[in-house]
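Look at the two complexes coming up: chain A is in both, with chain B in one and chain C in the other.
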Partner chain A sequence: MKLDTLVKFQHMDRRWIFLGMGLAILLPMLFPVNLPFKVDERVQSLYDAVEEIPAGSTVFISADFDPASRPELEPFFRANLHHLLRKDVKFVSATLWPSAPPLVLPIFEELTAEYGKEYGKDWAFLGFKDGKELAIKAIGENIPETFPQDIKGNKVEDLEVMRGFKQAKDFAMIINVSAGFPGTREYVLQIQGQYDLSIASATTAVSGPDYIPFYKAGQLNGLSAGMPGSAQYEKLVFPDGPPDGVRLLATQSVNVLNVGHLFIIVLIVLGNVAFLVTRQAEEQA
Partner chain B sequence: MTGIEVAGAWISIFLTICVLSFLYDDNPVYKLAEHIFLGVSIGYGVIEIYFGVFKPNLLDKLPFNSDVAWSLQSVLTFVPLLLIAMLFSKLVPKYSWLARIPIAFIVAAYAGVKLTGELNANLMTQVAQSIPDLGAVWAEHGFWTWKADGAGVFSSLFLVLGLSACLLHFYFSAPQNRAMQQISRFGVLTLMLSFGASFGYTVMGRISLAIGRAQEMLGLDRNPEQVAQINPKLATIVSAALVIGFLIVWRRRQGDDYTPGN
Partner chain C sequence: MRSTVPLVLTFLVGLFMVGEYFIPHWGYHVITQLLLEWGLILAAAAFLLGLFNLIQVNLPKVLNREEDWGYKLVMLISLAGTLVVGFWGNTGRLNPGEAYKWLFDFVFVPLNATMFALLAFYIASAAFRAFRARNLEATVLLVAAIIVMIARVPLGESLPLVGEKLPQFMNWIMDVPNIAARRAIFIGAALGAVSTGLRVILGIERSHLGAD
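Up next is the complex of A and B:
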């Protein structure tokens, strides 16, 4: 490559990079390729932990995400609900994010209807609670007091699915789908150690590295980070491919992600080569 | 799907294209989308907090309500109301000192809640984990295991040495002799590895967001019946044509005064 080209490359309009990135995302979507991917240990542990929950048990799902994190977390959220519902595990859910209820309630209603589950008996959604860490502490102590009414206006203590469940430690597992603060870190800091809770977390890619130490220390019994984590979980839940009507959005997206990453890697390599070569040429001049 | 839901999907796609137009340059359609986003977010947040928190936890518990009797407990609900009112004293400079009382209350309560959790879960447990039992690690994983994401004695030793080197890098009281400089350099290398991993995850997160928007614009995240009703590809083409057309007109109107913002 000529020196002039390398100099031009260093000073090129950044909009060409945006255009390239756009194409790197759109082209694999329009012309899909299926590259293999493996399931990492953290996602396998999460799957195994859910698999070990006996039928008829109840878990608490803290759905703490928003529209911005939907592409990364909704695929896990859906796959996890399929996993729980087909194992006949009941669930009670709540959220600490104000924008979550309109996102998660339609998914709950769609999937519970698909598996023939009844609201109040097999599942319940308690809605949003502000207070962040204080709300998490309150979930650890007394859920009916923290959420006096569910999303439909029923008294939470009267719900059949809540009978015998007063605080977080009464549930077989806490599943936290977390896009940031408040989320997994706060659950671990505030109540995991105090009540020795079994917590599994699905989080965004940005938060992933921060939570790996929690998994390594046994404070989380499973961790799915970002879209690849969701795709791996989908692969475990649907090993023979999706049933009719089920879309595995994360699995579809992993190939697109791979192409996007390759584009970034090529740019980093080219950028560094151009920088080193031009610097050397300038020093010699 | 109702007509409003279809219109909502079209508006969502149009606003996505408006936001993406920022990649060309800062422009009025981007500003429009930005202001709509801010306004809707704030409006939604205020309503959610009012009906989800403020009303059930405070207003409904005040003894002014017909179904709440006057008692010590109901009278005590005036205390948070008073603290909230004191926060607004910031607006009157003469009485702004009153706001310090609820702020002190918030800071103290928050510090108390944070401290115990941080000490127990983030400090003690993590410190304990940074001293691995090498014998047990060797028995379980050996020197290195690909299947367990590189777990083994090598990774455990690297953790201990890297952590120690990072801590020593920030220990400024020791003389910077040759040994300390080498340790410090290893600490910097470890930090760079950590930052590199975080950067990689961040890039992945951002690309995932772009994939999410692209899936919506191509109709890949909806079932076939919804796609037939919404026709997201048509919505994308129409929106892109509108935004590009506007950008061309806007750019021409600026003429020679145009200075790229990016």
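Up next is the complex of A and C:
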């Protein structure tokens, strides 16, 4: 191959890369190859922690994500709700992200209706609270004071599901679906240590490595990172495949990740081969 | 006097909030709870301040037809429109069929998701151009990145010969060198935060008061 061609390849128009990436996303959607995958120890640990929650207990879900991180986190969010609801675990949810309420409320309503759960008695959504770390600190101290009203305008302390639950440590577990700041790191730093809370986290792939030290230190009892983590959790929740009407969003989407990752790796390898060959030729010249 | 009162207040409140970790008395918690509530109110007020700031910065540029005034006009109209339909919808604004919900589902969600989705294309392009084995450190980074990338997806596990070992090696990279580096960063940042906190409480650091 001519040296010129290799140099041109290294500086090729990025629109070719965009086209390749577009195809790498589109083709696996049209022709999926469902490769088998194993479950990571951290996701297994998260599943086991939820599995150990006794029926009738109540957990606190902090749904801290937005439409941008929805493809990575909604599959976990849905699978986790299925997991909790079929175990008869009640939940109270809130969010620290302003764009989360219109995103998560329809999912809560859809899935709780599917399992015949009643608002106020079996679950509640307290809505958004600004204040970031301060809001987390306040959730650790006093939830009805922090969220005087729920999303529907009801007084939080009057909700049946909140009876006997005043602060974060009263709940069987805190499940944080976190796309970044404020999220898992802030929960761990602000209230996990102080109240010795049981926290499980589902986060984006990019944040996952940041939280592994918390998991290893026992500050998180489980960690699901990105779409692969969500797919693994779906596999654990639905080992025999999804029931009618349920779509395993992450399991379907890992096909795209397979080809997308492969495309980037091939690009990097080819780019380096071209780089090394041209550098060697330049050194010899 | 103008700076002494805020400095004394910062000192007292800072010291009081630190004390909460060491004094588990209910009476103490009543006061820290009150201070937290004030903090939350201030955070909400900051939202309002941001709103006014946005208008204050952008409206004159629209009126004076400065560069990109059209974009700023779209932003201000969107801001006002969302505010109006949000208030109009009240607690029912998230119900299906409400204008606010419609705006969220059909304007905000596609825009927000599109912006994030574009990253896939730019990351591919940036990785192709930037990931070069120029020296030993860059080569180590490159090899580690490729192993983690391929092992994170089912394709890695399905590779012949190395498929079984690849996830184990990836986990080692994530659990040993990754954690070692991140813990070092965390501890360094935490010590920095403690020292900054102490500097603020003791009045050595005064930039938050608008002075050096």
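Everything below uses one rule, namely that the second predicted complex is superposed on the first by the 282 of 285 C-alpha atoms of A that agree within 3 Å, B and C clash if a C-alpha of one lies under 4 Å from a C-alpha of the other, contacts with A are read in each partner's own complex, and residues count from 1 in each chain.
Going forward, a residue touches a chain if its C-beta (ideal position, glycine included) is under 8 Å from a C-beta of that chain, and two chains touch if they have at least 3 such contacts.
Predicted model only: the values in this text are computed from it and were never measured.
Contact with chain C, but none with chain B, is seen for A:141 once the two complexes are overlaid on the shared chain.
Touch criterion met: A:21 reaches chain B and chain C at once. When the two structures are aligned on the shared chain, A:264 is found in touch with chain B and with chain C.
Looking at the shared chain after the overlay, A:105 reaches chain C, while chain B stays out of its contact range.
Legend: residue contacts after superposition of the two complexes on their common chain; A:238 is shown touching neither chain B nor chain C. Of the two partner chains, chain B is the only one that A:219 touches; chain C does not reach it.
Of the two partner chains placed by the overlay, only chain B lies in contact with A:192; chain C stays clear of it.
In the superposition on chain A, contact is made by A:36 with chain C only, not with chain B.
Of the two partner chains placed around the shared chain by superposition, chain B is the only one that A:128 touches, whereas chain C remains out of contact. In the superposition on chain A, the residues of chain A contacting both chain B and chain C are 14, 18, 21-22, 25, 40-41, 68, 70-71, 99, 129-131, 134, 137, 194, 205, 209, 213, 216, 226, 228, 257, 260-261, 264. Considering their complex, residues 21, 29, 32-33, 36-37, 39-40, 43-44, 46-47, 91, 94, 96, 100-101, 104-105, 108-109, 112-113, 115-116, 120-121, 123-125, 127-129, 131-133, 142, 145-146, 149-150, 152-155, 157-158, 167, 171, 174-175, 178-179, 182-183, 186 of chain C touch chain A.
Of all residues in chain A, those touching chain C in their complex are 14, 17-18, 20-22, 25, 35-38, 40-41, 66-71, 99, 101-103, 105-106, 129-132, 134-135, 137-138, 141-142, 145-146, 151-153, 194, 205, 209-210, 212-213, 216, 226, 228, 254, 257-258, 260-265, 267-269, 271-272, 275-276.
The part of chain B that touches chain A in the complex is made up of residues 23-24, 44-45, 48-49, 52-53, 56, 109-110, 113-114, 117-118, 120-122, 125-126, 128-129, 147-149, 151, 194, 197-198, 201-205, 207-215, 218, 220-221, 223, 262.
On the chain A side of its complex with chain B, the touching residues are 14-15, 18, 21-22, 25-26, 29-30, 40-42, 68, 70-72, 98-99, 127-131, 133-134, 137, 148-149, 186, 188-190, 192-194, 204-206, 208-209, 213-214, 216-217, 219, 225-228, 245, 247, 249, 252-253, 256-257, 260-261, 264.
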